[in-house]
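Each of the next two complexes has chain A plus one other chain: chain B in the first, chain C in the second.
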Partner chain A sequence: MTGLLTRRRFAQAMVALAAIGSTPLRALARNKEAFEAKMPDEALKALFGDKPMEATDAFEFKVPEIAEDGSIVPVTISTDMPGVKSISLLVDANPNPLSARFNFMPGAVTEFKTRIKMGESSDVRAVIETDDKLYVSTKNVKVTLGGCGG
Partner chain B sequence: MEIKPPKIRGRLKGDTASVKCLMPHPMETGVRKDLDGNPIPAHYIETVTCTHNGEVFMTADWGPSVSKDPYLGFEVKGAKGGDVIAVSWTDNLGNSSSGELTLKGKK
Partner chain C sequence: MNRREFIQLLMQAAAVTGTGVFAGGAHASSRALYDLPAFGSARLLHMTDSHAQLLPIYFREPNVNIGLGEALGRWPHVVGRNLLAELGEVSPREAHALTYLDFTQAAEKFGRVGGFAHLKTLVDRLRGEVADGASLLLDGGDTWQGSGTALWTRGRDMVEATNLLGVDIMTGHWEFTYLEDEIHDNVDAFNGEFVAQNTYATEDALFDGIPVYDEDSGHVFKPYTIRELNGHRVAVIGQAFPYTPIANPKRFIPNWTFGIREDELAELVEVIREDEDPAAVVLLSHNGMDVDLKLASRVPGIDFILGGHTHDGMPRPIEVENSGGRTVVTNAGSNGKFLAVLDLDFGGGRLKDYRYRLLPVFSELLPADPAMQAHIDAVRAPHREVLDEKLAVADSLLYRRGNFNGSFDQLIVDALREELDAQIALSPGFRWGTTVTPGEAITMDRLLDQTCMTYPETYVREMSGAELRNVLESVADNLFNADPYFQQGGDMVRTGGFSYRLDPTAAMGERVSNMTLANGKTMDDGGTYKVAGWATVGSQSPGDPVWDVVARYLRARKSVRIDHLESPVLKNVKGNPGLADYRGGHA
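And now, the complex of A and B:
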């Protein structure tokens, strides 16, 4: 009898554990390897493995064409794509290309803005992660004054 | 060094809250040098957590290439008057800070 009870307890504990595991936000630790990567492709691989990636214009990704001050480059991303799990920002020419990664409860946020630093003119990529695919939008930003030299 | 807590402002439009948050922080990259040529150690916000009435809806992992005194603007769906939006951060030296906002408007 007691054996049965513990087995049930055990099963309950496993269900509880599974529930914690599927909570998408708290479970994610900061991906150190991706942030330390020197090349954009390395960073993407560390973040997403071999998930298929598709170039798209289906979401809005706003950066200035010419940034006078590379230390404050405004970025706006807005999307109404369903099931967006995360959005990552990469600056190809920065020493560590991965700048930021935002994780969302699906459907909670449709637009956000932030500001990033750029050492020199470069492509900037926004990568949207959904359950089964990655969508990437690339924009080129010309920087008049670099933001990393101080 | 004293770092001030994040400042949060926001307003409701229908059931969507547009929130703006400014987090005072040096965001040192670790590659800059001071006037004597000594490297300035990296000091930057690593993780940001945003909650709506205590429930996490967005987290962010940042590298040092997010601008100094980071700005974060976002829209929260399904918000109403009296709801609390909070933003907290932790940096690479283990400091942390947080700020919150109670939305004004129809409950």
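And now, the complex of A and C:
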């Protein structure tokens, strides 16, 4: 059980870190706009303006191919990329695509597990923000009616 | 058992039956089929998806098994004469085992297939031909479900049967349609090892302290095992069906989570290669053939994927090149009809070469093993009256397997519509279910072959045209998605009371059109229809078990004849090698 507790405590610590990170009011307003956006590009624009974006598979981004339960789809992200400021998760087909944004203090371990809610099959994007650039990885997650397995 | 003992047993059986069935021609056929040239120094036997068929049965292979994209024209998506043309010379007996062609006549000539007592004789013979400790019997799962006795004993009759058979290692899928405690009890009662690298406890359940194999990793079962065969270390990794909580009710196993887990598998293979120094690495897989082929192209370091789930009797393996070299992928059919033999040759501590044979298990060529037969008889004895009830006589061939309605499915949807007074009926596209030949009685036993499971309850409810279309689209995408990782390995949902047009090559949401009721009226999204069905995955339905409903329908008739199959009109797949003698027509 030790390893697990460690992982659990670690996750709690990450959330706590994200919470106590002093966030300027302007940033909060930006977040609100991003989380309420109806289109993924709007959400990204609200968060990051016109920051250049590069597609990459160079970090660990785990989602199931087919969701066992669309209301709790597990996501794992881990990277040792230097200078990560935040990681955001977007579900393109959700009514509000931006599902989560994690801010990281300098030197924090950039790794987390979370669960996102998906209404239907969709591309899911993980966006890593660094000082000068955004890195995005996209995976498709299928949300399907069950049944009929051989 | 060595070869001499086997032949003695054959002769004794012939003497006992007095029919001479094992003498002369049958003896020659048995030798032609089951005498394998010696090769290498270790032997793996692989069976899969027996679906609890303890007794010999008939099983008709599909005439519709469409492959698209990369799978177009690739085995197993080549059926009937198309397959025979690619195979070259095979005996009429083998052609019968591998195809649906002239099924009724050939079935009469060559007899039933499978049956655990007959399988036991073959297994013992094949293991007896190699040195002690040089062989393994692997079971790919779907063993504990598919018969009345399996349901009533919650899979235990099959655990005991596999113990008698000598199964060394297994993985699972329908095994997980019992409850968590029952599964653990069965695994404990199983003499071999139950392995699965892709069955994990959910984090919440781990925190609550549910029983698991490894608390750190969260593996519910041992992910792999190492066995020494004739001095060579062979690693066997388990790959359970990745989509169990989606294709089957999650409510039975709420604490477990699955998935293909390609990254975890790749890492595990690396660790095994480094730490265990195996001479060969085998994945005992319940992914399904197309998923295994994709997996083989992406995860290096696996020598063999011995596959199941999609019930494909693959007469030869497919070799897949990948960054680590080569992975050999097989699939060993279903219902006890086949036993695969993989002979391994080693040199310098490494795998050098292999020979693979998919042996059809023809019951009449293999005398029943007395101990296994006694077990089967004992398991069935308390239920004989129920199982042997003759509900009606089949006036035409009744089968299920194929992408669209089989004739037994048609019988089920007809019965659901009539007995439950519904306009439309839906029935799942399972790949299990045996075949009844014309003139045979449809017994409760045969009906349970088609329906027996832990969530058999029926429902009748109103559905909108849009809902129905969505069901068809979703299931079609699970079958025809261009990416095998998004396929679940079942066939198309069986339908009664309406027709539709299907373009398997189209994108999700665009495959289904022209839905038309049996009375010729066009169905629309806004319309409301009374629908009967069974096997709901989400929550338990309120109605009688489907076998009771179909039994009522059959008892009211002396005989049943199915002349028409409500299969969709297909678009854009004319000439597909996975399609032959199709009765639904093309648009």
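Heads up, the rule we're going with is that the second predicted complex is superposed on the first by the 114 of 150 C-alpha atoms of A that agree within 3 Å, B and C clash if a C-alpha of one lies under 4 Å from a C-alpha of the other, contacts with A are read in each partner's own complex, and residues count from 1 in each chain.
Keep this in mind: a residue touches a chain if its C-beta (ideal position, glycine included) is under 8 Å from a C-beta of that chain, and two chains touch if they have at least 3 such contacts.
Worth saying up front: this structure is predicted, and the values here are computed from it rather than measured.
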Partner chain in contact with A:114 - chain B first, chain C second, else both or neither: first
Touched chain A residues, chain B compared with chain C: B
First (chain B), second (chain C), both or neither touched by A:96: first
First, second, both or neither for A:83, with chain B first and chain C second: neither
Interface residues of chain A shared between complexes with chain B and chain C: 113, 147-150
Chain C - residues contacting chain A, complex: 173, 203, 206-207, 209, 215-216, 218, 241-250, 257-260, 263, 288, 309-311, 428-432, 470-471, 474-475, 477-478, 481, 485-486, 488-491, 493, 508, 535-538
In the complex, chain A residues that touch chain C: 1-4, 8, 60, 62, 64-69, 74, 113, 121, 140, 142, 144-150
Complex contact set, residues of chain B against chain A: 27, 29, 31-33, 46-47, 52, 56-68, 70-77
Complex contact set, residues of chain A against chain B: 25-26, 28, 30-31, 35, 71-73, 91, 94-96, 98-105, 107-118, 147-150
